[in-house]
Structure formats: C-alpha cells, structure tokens
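After this come two complexes, each holding subunit A, first together with subunit B and then together with subunit C.
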Partner chain A sequence: MRSTMWIFILKRLVQGIFTVWFIATATFFAMHNVPGDPLLNDRATTDAIRANLEAKYGLDKPVMTQYGIYLGNLLQGDLGISFTQENREVNDIIRDHFPVSAILGILAVIFAAAGGVLWGALTAIYRNRWPDYVIMFLVILGISVPSFVVAAISQLFLVNVNGLFGTTVLPVAGWGTVLHMLVPAMVLGLGTMAYLTRLMRSSMLEIISSDFVRTAKAKGVPPARIFAKHQLRNAILPVITVLGPSIAAITTGGFVVELVFAIPGLGRYFVQAVQQLDYTVIMGTTVFYGAFLVFMVIVVDVLYGFIDPRVRMEY
Partner chain B sequence: MATTGSAIDSDESFAKSAGKQLAIYALYTLIFLTVLIYVFSIVAGRTGGGASGGAVDSANNSITITLRQEPPQLDAGRATDASSFVVLAHVMEGLLAYDDNMQLIPGMAERWEIREDGATFWIREEARWSNGDPVTAHDFEFAWKRVVDPDTASEYAFILYPILNAEAVTQGELPKEMLGVQAVDDRTLEVQFAQPTPYFAKLVAFVTFLPLQQEFYESTNGRYGADADEMLYNGPYVLDEWVHGASMLWYKNPGYWGDHKGFLDEIVTAYITTDVNAKLNLFKDGQIAETQLLAPMLPEAMEQRWQIDRVMDGTVFFLEFNHREGRVTDNWNFRRAMQLAQNSDELVYKVLKEAAYLPAVSLFPVWIQGLNGAFRSEYPPVEHKMNLELAREHLEMARIELGIEEFPPIVFLTGDTPISILSSEYYQELYKQNLGLEIRIDVQNFKQRLAKMTSGDFDVVVAGWGPDYDDPLTFGDFFASWNLNNRGRYNSSEMDAQVRIAQAELDPKKRLDAFGEIQRIVYEDVTLIPMYERGWSFVVDPRLKGFKRRSIGPEVDFNFAYIEDAED
Partner chain C sequence: MNSVKADNGASLLEVEDLAVEFDTYGGIVQAVRGVSFSVEKGKTLAIVGESGCGKSVTVQSMMGLIPMPPGRITSGSAKLKGQEILGRTVVNGKEIRGSEIGMIFQDPMTSLNPTMTIGDQIAEPLQVHRGYSYKKAFNEAIRLLEMSKIPEAAKRARQYPFEFSGGMLQRAMIAMAIACKPSILIADEPTTALDVTIQAQILDLLQDLQRETGMAVILITHDLGVVARMADEVAVMYAGKIVEHGMVDDVFYRSAHPYTLGLKEAMPTNDPSLQHELKPIEGSPPDLFSPPRGCGYCARCPYAMQICNQRQPDDTFLTESHFSRCWLHHVSSPNKPDQLYFKEEA
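Up next is the complex of A and B:
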C-alpha cells in the first residue's frame, strides 16, 4: 500500500506540472492579446526610446520566440524583471511579499477552519434552537457582505475603540506585530468561515442521524466519545476537502484587505501588475499562485488518505 | 427509523455533553492560535515594516506619513511617478531647488548664469554625497549623459532636449559624449543649448536633472536605486531603511550643506496605501501627520474642527479632441458647437462637487506665474458664455460642411476612475439635451486609454495634464505639432509659431505674450474644452508646521516642516 501511495503522489505531481504549464501558456497568450500597451505612459516617448525599452524586455521579438524564451527562463526559475519596478526581479517581489500574504492567509484559514468547525458543530447540535438561528443569521451576513465593507467597518471600529481608550489598543493598519495581524486575518477569513460553518452544519446533521451513531449510542458509548470519535471526526471530512483550495484562495485573494490595512502582501502587486500590464509580474505571480493552488490540492488529497481509510483503497 | 434519529439529537443531556466537548476543543484552538500568532509575529517582524512612534513624536522629533504607492525604484534618471518624486525631493537635491514659496533657490549650485547659447553653474564647495565625497560638476555631466543614452531608455529624456544634441543622442544618431554638457572642473558645469532656453534654471530643479556619481553607479551593477544601500544621497534627508511595499525611514542628513531645510530628525513612511478612507482612519487614530480629504469626508472633518487646507495639485483636465482628418471633431464648427453648449462651472459645482476643484477656463491653470503676478490676471482667458442658439447654428454649419444627414455617435474615450466616468456621463446627457448629439462612452483602464489615444481611436478623450516645471511652457507646448503628447494630433502653423517663440524668446514680456496668444488660439480654434483644475482638501496634524503640498514637483514636501514643541 505504501508504494501505491507514492505512485499516486507521483501521478498527481505530473498532472500538476502539466496544469501549471497550461496556466503559464494561457496567461502568456491572454496577456499579449489584451488591448493596451505596457510601455505606454503619461509622457509620450520617442520611437528610439521605445525601441530600447522593447529590446530591454524582449518585446521586439516575435510572440512565439518570446514564449520560448519565457518557458526556458521559467524552467530555470527565472521570472524576469518587473516592467514597473524596473530594478527588481519578480523572484524578489515574490520572496519579499509572499511570506506576508502567506502568514495572513494561514492565520485567516485557521480562523476560518476553527470557527467553521466549532460553529458548524454547535448549530448542528442545537438545531432549530436559538444558538442555531443566531449563528446561521451571522453566517448569511458573513457570506453576503463583501470583504471591503467588512474591512472598512472593522477599521473604523478599531479607530473608535482606540479613541475610547485614548491609546492604541489595536493598530488601525500596518504590519509587523501580532496585534497588526488579528483583525485583518479575521476579516480575510470571515467569508470562508461562514461557508465552512454551513458545510460543517449540514455534514454534521447527516452524521448525527446515521446508523453507526445510533448503534454507538445503543452500545452505551459515552456521549462525549460519540461526539468526538463518531460524529465530529466523520463530519469534518468535507471541510478538509475544501480547506486546500481555501488556503490558496485566501492567500491569493487578500488584495482588498491588504489595501485597506496597508499590508505589504503579494496580492497588491498582483492586482497592480494587471492594471499596469506589467507582463513579467503578471506572469510570475499567476504561475506562482497557480503552482501553489495545485500543490495545496495535492496536499489535501494525500491528507485525505490519512483521515479516511476508504480513500486510501482507491489509490 | 427517522424518529429514532430525532430522538437522539433531541436528547438534552447528549447536546450538553457534546457542547462541553466542543468548548474544550475551542479552548485548545485558542491556546494553539495564541502560540501560532506569537510565532508568526516573530517571522513577520522580518518581512514587514516596523511600528512607528505615531503621527508626530516631539520627543524624537520625528513624524510618520504615508506614501501613495511603493516607488518602483529611486533612480532619478528614470523616475516617472509621483511617489518616487516625493522621496527623491527629500533625499536628493539638484542644481537648484524651490523654497517654501515656490521661488527658485540655490541648491547644489551656489550661483548660475543663463545665457542665450548656454548656461554655467558653479557647484558649492560644501556639497557632499552621503558617503562623504564632494558633489562635483562631473556627477551632473555623468547623470545627464546617462539620461539621454538610448540604453538607459529614460522616459523623461525629452526634458533634456533644450541641451545641444540631446535629441540626436536619444535617437541614437550621435554618441552620448556629444551632449552639450561639460564639467570644466570639479565645480563648474558648462551647458550648451540647442536653442535659447530662458527657462533652463527652472528646468534643472526637475528630478531627471539630479546628479549621479559615476563610481558609485558602476559599483551597483545596474541595481542603482533599487534599495536604500544602492543609492547615494545629497539631500536634506538620507534614506536609511527601505522595506519594500511597507515602509521607509529617512533621517536628517548630517552632511547636508544648508540649515534652511531638514528640521526633523526622522521621517517614517510607515504605510503604503491608495485607500483614502484607510488614511483618514490612520489620521484619526493619530498614526499619520497629514491626509487628504474627499468631499464626503468634509462634514465629519468640520465636526472634528480640523483645520482644512486646500491646494491645487497642478493638473488641468480637459476634453481633448481628435483632430485627425476624417473625424467629425476635425471640423471647427462642430468643436465650436460643443464648446458653446457647455460650461465648466456646472460640471464642477453641480456634478463633481469636490470642494477643492476649480472650473477650468484655459489650458493654463490658475497658479501659473506671469511677469509680476498670476499669468491669468496678466493675460485673462477669453470669457466663455454658454450660448445654445449659436451652438446649434455652428452644429448646422458643421453638418453642411461635412455633407452628412446626421451626426454619427461621438466616441468619448475615458478613464475608469469614478470622476472621469461621472464627467463623461454628465457630458453625454448635456450634449444629448443641448445639441441632440449621441455620445458613446468608451471606458478604458489607464494603459488601454493611452493606447487608444496614441492610435487615434476616439473622437473626444477625457484627459489631464500636470506640470513638470514651474514655467507656462510645461503646458504651453502641449499642442505643438511635433509634441508626442499631443495625441489628438492638433496641427496649426499659427500655434507652432507661437510655441517656437515661447520656447526661445529671451525677452520675458514677448515670451509671455506668446503664451497669451497660445491661450487665445486654444479657445478660438477650440483645441480643447477645459473641464476642471484638480485640487486637494487636506488636513495636517496641528503640531506639524511648515508642511507644503505642491502643484509642481513633489506633491508633499516636508523639507521645511518642523514640530513646534520638539525637544532638541
């Protein structure tokens, strides 16, 4: 069984590499076909300067040649130099700013997962009683209110709290200490938390009324043990399934939160690059995010095998 | 069977015990999170900016401010964006500089002489780089030659065109050594002009003219300006820490030659964000020293009894026509009809309602200086009156001249900012009602709008122009037929003749007369329709004095700022 698992992982890795290549190719051609010109700026340039800029970024070559060069560099892990941050390599940008997004993202996912599982289980246990109604109302709010609204409101709330105490209880924006992370991470994870709560609730309800729980109860297993071993453990599976993609989505989707809380994450660079047609940064971040997402999906697949023995059989 | 299930989960004691279990898990999670966050904060300390000492810290004589965006790089020869200009204005100094009243003052040059055929600058003896080396004339010669070098591909190379051979060098027709600038000795810089350039002294205060030490530049292997330690400084402040995307620390330059600038010990740019609401929150929380206010924020600001200031940011916005042949907008009667059917007062006061905006009435903004006072009071713009009857007559003439039954939809190219879209929608309604014209709004993001402007794929474009240097010419040459920024391809021999006078005339009065003529032509030939002059409302921490927002150069200027009760 051990060797079949390695084969499984290998198979997924090869698939993953193919997926990343596809992402890279699709992004490359989509980007080159988007109207607009990355080298145009407020102040018009002469043809000579333009020609030099094109030569610098290799834009003077035919598109297929550029694609070849690009793939070659990608294989060597060289993502090129940013068009707008002229002296910075895309590798530098990712290395400097992804850790920030990752810390924020992981924290947000933990908030989301812990909250989702706890609230979801709670609503299932107290189904159709007041804790269920209150939490599910909040869940609907959490899903439907966009993050820029939540971010702005929570920031305003921080200002008022600080004003009330006459000192900085929690910083309003910025990055660097524990206190800087708490609120942004919660805001970032809120939507996912709400989604996971609903998922957990329905999954839990299904388990609660299943046969093996009834059997366990009939055998006289202590309630706490039934809850922990039979119900929670089984109900959590769907949550784990969506957790991998959620981590990637949260980590890459923090643009609004990063902007509002002035956090130096990668999301901001990603969005700015698209607005400014910074080809190398768009390519670099897209491929990086793509690879990250693929990797997280593989990790979840493998983890799944440990939690659910039935999955392992299908390797 | 289903009844059994509901019997189980309605079991009160089971729910209680499960709830208890859940509470225990929650506690575990909380403990785990606390530990995790602690670990993260240690990691994050290495990736992010530091905490700051608050907006105004009198004990340390330091302030905290925000930057609009991360400077792409701080290589002055290639800088093009507002944030880079702000940083460079504090950590570097050119031959000349502006004082707090926008008057030219000596910088690296202690005196200068502008002649018909060239200029001489005498570098002050005490001028030093932050590594202790003297700033010499050679540093300017090297910097300027590098800017025009086609390999540098500087987008602002055109601003050096008044210098002999600059244009030919950027085109690759002459080697860069042929540029008309030469360090006669360490302290004397000789410049030869391509044509008389009476405004050259104002030009050299611009960032592209900042000096660069050859030896240091070559030691950075092409990474000059990418990081704090990959630059040399000669301004009132020195850039010390630069955490990309997060923060910068500028400290007072001990080697700066003068005592008229740089009164703060430290300036921290702790936050980088374009979110004006976030900035306002930071200001309210006492974290930053100044912030900009948008119209919806003004009532609250007044409630808080803040001292609200206003400043023109320098930029003029206008409807620029496509003058290419075959376009409806190439027809003068048509443009005149559009001009007569509108009034910028209505746009600004009834539609945009931004308190700091002014209705534009000319290509030249209100703050441009003339001979002794404001340019626009010495050369008043043609008085504009809305006249619908006349407008419709001109429209009819245009229709006959163009030989068409009906006007095609007019393509209004516009940016994707809320203000541009709002303005376009206003004009759409206005021209429909007043002239029966159909306007088709084409909203594009910045780069795509520029691409369409450059290729001429529009009839009218909502555009703006901001100044580079403190001279009417920074606006005045916009519609010269050879100006690449004239993307509507306006071409008039009368305009070109006046621009040539404005560029080269040595008599200040005659030169300003030319600008007066340019202003008149722009109105009478309806080269554009002025919309508004942009301005900012802003609020500054009352403890901070001497802070300036500028129309030209850096948008914010802390060089003359000081804290009133600072402890030395």
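Up next is the complex of A and C:
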C-alpha cells in the first residue's frame, strides 16, 4: 500500500468526523424543536421531582449551554441515560443491541452483493434468453414488494416447511443461532440485491461488448478466464460504488425485519425511542448510526481503490 | 515454430469466397460478399477500403470474433497452412487465436483491460497457450516490451493502461499480439487513432518486428499512405467485395479499377509536381441490405455503362497477380479511359 493511501484514509476520516459532528448538531437542534416533553408523563408528578430531573439532564440551562454539554459528553463517548428506561445508559443499549443489528446487516449486505453480482452477470451473459427473463421478472418483484410483506410470506413459508418435516428446520423467529439469522438476512437484503442485479446487468452488458474483451478473445483466452479476469472485475466497479449507500439502506431499514422476526436489534429501540420521545436514545442512536455509515463508506472507498487502479492513483 | 510447412506451393493463409452476413432489425446486411485472397509467409497484405466496406468483418470472421448471432458466415473457407480455420479455434493442436494469428486493434486506449497491468496482459497468452508459469510469462512480457521499444520495460510492465500514452499502448498491444510468435499478425487499422508522428513509429516497429520474426502481416487500413509504405500486396475492397488486387506497384501505378482511381485522387500528396485538388468520390456506398444486382460501385462510377447496373463483373487478370473486377476490362467494352490501366495487347 502506498503512503498516499494512508493520507487518503486520514483525509476521509477527518471529513467523516465533520460529517458526524454535523449529524449530531442537526439532530440536537431538531430534537429541541420537536413539540412535547419527555418528562410530562405520569411518573414525573411534583415540581420538585421535575426540577431535579431537569437539573440532572441539564434541561434547565440555555440551549447553547446544553449543546456544549452534549458535545462535550459526546467527545468522551458518553451518550447519556435513557429518559424512559430505568437506569439504562444509551451506551448500554447500543452495546447490547447493535451487534445483533450489525451481524444481520452484514449478512444481508453479503447476501445482496454476492447475489446481485452473480444474478446480474448471469442475466447479462444470457441476455434476451429465458434465464434473463426469469431473473429480471424476480428482480422487479424484489424491488417492488415491501420487506414486511416478504418477511411475513417467508415466515409463512417456514411454518409450512417446518410442518412438513415435522421438526424445526429453520426457526420462524427469534435470535441466537446461525439458523435464526439466515432468513431475516435474506429478506433484509432482497431489495438491495434486486437493485444491484439490475446495476450489474447493465454494467456487465457494457463490458461484454467492450474492446478489451474483444482483445482478450483475440488472444485466445478461454471464456471462463475472460469472465473472471477481464469482465467481472471491471463490471463490478459500479456495484461497489453503490455498496456504501446500500449498507446505509440495509442497516437503517433493518427495524422492520427485526420487528417481524422478533430480533433484539438496535432498529427496534431506535423506532421505539422516536415514539416515546426518548431524547438521549434518539440522539445517541442517530449519531451512532451516522458514524457507522460514514465509516462503512470510507471502507468501501478504500476497497474500490484496491479493485480499480485508476482510483488508487487519485489517492 | 513451423511444425507444418506450407511446402506444396500453397500460401500460408488462403481465403476462398468468404461471405458474412448479419441479422439486424432492418433486415439482413451482407457485409462480406465473396472475398478471396491469400497471404504469403513473411509478406504484408493490405486490405484497403472505406468505412463499412467489410474489411474488418473479413478478418474478424476468420478470428471468430464476430458475435453469432447476429453474425453468420454463409459461405467460404479460410485455410491456414492448409487447414480450415473458419468456425474453429484449434488447428493441429494449436490455438489459432493469439497463438497462430495475433491481432491488434484500432483504438489502443480502449483495447486493453483497465484493471490489469500491462505486463499481466502480455503474459496472459503465454500462460494460456504455452503453459508458462506466471513468473516466466511476466519476464517474457518484459522482454517483449523491450522488443517493442518501450523504455524501462521492467517498470512499465507493472503499470496500468491509464499510465501509458496512446502510442505506448499500441506498442504494448503489438507486444501482446506477437507474444506467442504467431505466423500471421492482423493489424486492424493500427494507426487510425494515433497522431501522425506516432503512426510512423508504430509502422516502423511493425516492419522491424516483421523482419525479425518473419511473420506475415494483414494490414487493414483506409490510409493509402500507410499502404504504400508497408504493403507488398494490396486488396481494394468495396461494398463487401475485392474490386482490385495486385502487388503494391500494380495497384498504385497501374490502377485498373475506377474505385482505386477515385481513392488515389482523394489522397493528399506532398509532391509539388502532382498539384491537383483533392477530389472526393461523390455519393455513398450501396445499401448492403439489398446489394445491387450489378457492380457495387456503378452508382458512383464516372465510367459506368448500362451493363454495370445489371450484371456482376468478373475478375479480369491483367497480369498473373493483378486483377480488377470491372466491366471496362471486358473484351467488348467500348470505353477504355486513359486514366486506367488495361491489359497490354499481346
């Protein structure tokens, strides 16, 4: 690896910190402008308790001071304490539930990327013949059917399969083993896979008729080697470009699947927090997700450089 | 390298009555309509003609580079050292493409894989055809780059196409095409995309390599200047047929087909004694969806006669190696224009 590459990574990390700061600031002020009050529920009854709570969370101070405290805590990695759950730090919530979401998300991304590249290449090679038509029909389905429908249908399917074998082949819901992860990951990655398939197909079609593939044929390179060495690596570049945003789409879209399959992921807490106006949890998870996505995009950019030498030069 | 000798007087490559057509939405395009030529060992054959006359399709069909469908070879044969190669990829246990016949293309900027180093791409045919190890093939690639006169070959071999200039890329392409010491190198408009000074260098390189390796060259071009400089033999193609064929001097100085004459008059010259205005050939080539019944050139030909529109002319041999496909050469032709060369009366 060239030293310029490290400079590139460093540059992107600094940019990323600014992005995360912006997300944190935007969330903070957005939360302040949301109507409602987290302390206005049955439990916070007396004025004294209310004042104590406000003092504890710093809510009695001017907004800019609160913002300062918030940023200061953020820098120390302290995301605060949940307003609605007893004695739970936001850090604990993330630590307990993010790994579940991350594993689910990573599996879904791998499934989507591998499937997208494979199906896309296949449709391009068999363009305008029946494998192309069949796969592209399924792709349209995958893009247009929402994930909660797919999730429900796949659960129904699992129930029937398990019933047919008289034993639990694959669990219908829950979390714990690899078997629990497979179907939810597929459901979660399906839309992205369909999107990547279309992208890969058009990119592959372009590569198939490109001059350098003709050159490879003129050199007498066998088709399998042309596919592996000349077509795939070049056709995959646009797919990698959108992989960063795809990771974003998958991880933030995870809560629907987590809900349907009863998976204890972070997405559920994120949505719950918004419903309950749990300030610290909303801000904490938003900033955390933001930071995670910024990091993943940087990882994808570096990966891109490994595959395309032209990009590597621009580092 | 010559395991099979072409000793029975036959040529290295003999193409007979080759015809290729393509299915398109508009109908069937007859791109090549019966082309015959031969290539001798160590010699250069130039195939000349304007865009769309079928010259590239002719060689690509021999190399199996035409997508089928929509392309189709409808008739003809191409024999390399006496063995049929049309529709085949192997003769005498040797791969044709890249091993027996090397090929370089018009645009070197897009003809190389952007994500593979130059050295790897040159090494590839050696690994595929010769079974070289990667290391051995890569070292050979460096030697080939040196042969193609690329400075700092060892460093250059580790670079990618985008780090090369157009002329350098064409040198790399040539190195790649000759890696397995082919007996024929097909150069499909090798200098069209390059600027003039680089063109000259590439042509010099091709000539040097031809001398060193003894390979035959099929040069496809529309540049008569390139032809004059490189070719031993010339085939002039028009509307999917060869209209004149002969040694380079025959075709240039004893042009016997009105189309050849038209090409020459449209060619710029720097000889002050030959001051004349460039004269374009008026009109456009015939529609190959429905090729004309008679001579393809007759609509643009200044000497066209009635019969030209109705019947195909035959090849008329002016000397043993020089023929023209034109009715003007028929014994009963009333018109013998001064500008054209005719068979001397015995």
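What we mean here is this: the second predicted complex is superposed on the first by the 310 of 315 C-alpha atoms of A that agree within 3 Å, B and C clash if a C-alpha of one lies under 4 Å from a C-alpha of the other, contacts with A are read in each partner's own complex, and residues count from 1 in each chain.
Operating definition for what follows: a residue touches a chain if its C-beta (ideal position, glycine included) is under 8 Å from a C-beta of that chain, and two chains touch if they have at least 3 such contacts.
Computed from a prediction, not measured in an experiment: that's the story for all the values here.
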- Using the touch definition from the top, say if A:Ile307 reaches subunit B (first), subunit C (second), both or neither. second
- Query: More subunit A residues touched by subunit B or by subunit C?
  - Reply: B
- Query: Taking the superposition as given, does A:Arg201 touch the first partner, subunit B, the second, subunit C, both, or neither?
  - Reply: neither
- Task: Figure out whether A:Ile49 sits in contact with subunit B (first) or subunit C (second), or with both, or with neither.
- Result: first
- Message: Output check: A:Leu156 vs subunit B and subunit C. Expected answer is one of first, second, both, neither. What do you get?
- Response: first
- Partner chain in contact with A:Arg214 - subunit B first, subunit C second, else both or neither: both
- Query: Touching A:Val100, do we find subunit B (first), subunit C (second), both, or neither?
  - Reply: first
- Item | Partner chain(s) touched by A:Ile110 [first = subunit B, second = subunit C, both, neither] | first
- Query: subunit A residues touched by both subunit B and subunit C?
  - Reply: 214, 217, 222
- Task: State the interface residues of subunit B toward subunit A in the complex, per the touch definition above.
- Result: 2, 4-6, 8-9, 13-15, 17-22, 25-26, 29, 33, 36-38, 40-41, 43-45, 47-52, 66, 69-70, 72-73, 75, 78, 80, 150-158, 167, 170-172, 222-226, 230, 243-246, 270-275, 277-278, 281-282, 284-287, 444-448, 450-452, 454, 483-485, 487
- Note on the structure: Within their complex, subunit A touches subunit B through residues 35-38, 40-49, 51-53, 56, 82, 84-88, 92-93, 96-97, 99-100, 103, 106-107, 110-111, 114, 118, 121-122, 125-127, 152, 155-156, 158-159, 162-163, 168, 171-178, 180-182, 208-209, 213-214, 217, 222-224, 226-228, 231, 259-265, 268-269, 272, 275-277
- Which of the residues in subunit C end up touching subunit A in this complex? 63-65, 89, 95-99, 102-103, 105, 107, 110-116, 124-125, 128-129, 160, 162-163, 173, 176-177
- Message: Help me check something: in the complex, which residues belonging to subunit A touch subunit C?
- Response: 210-212, 214-222, 225, 229-230, 233-234, 307-310, 313
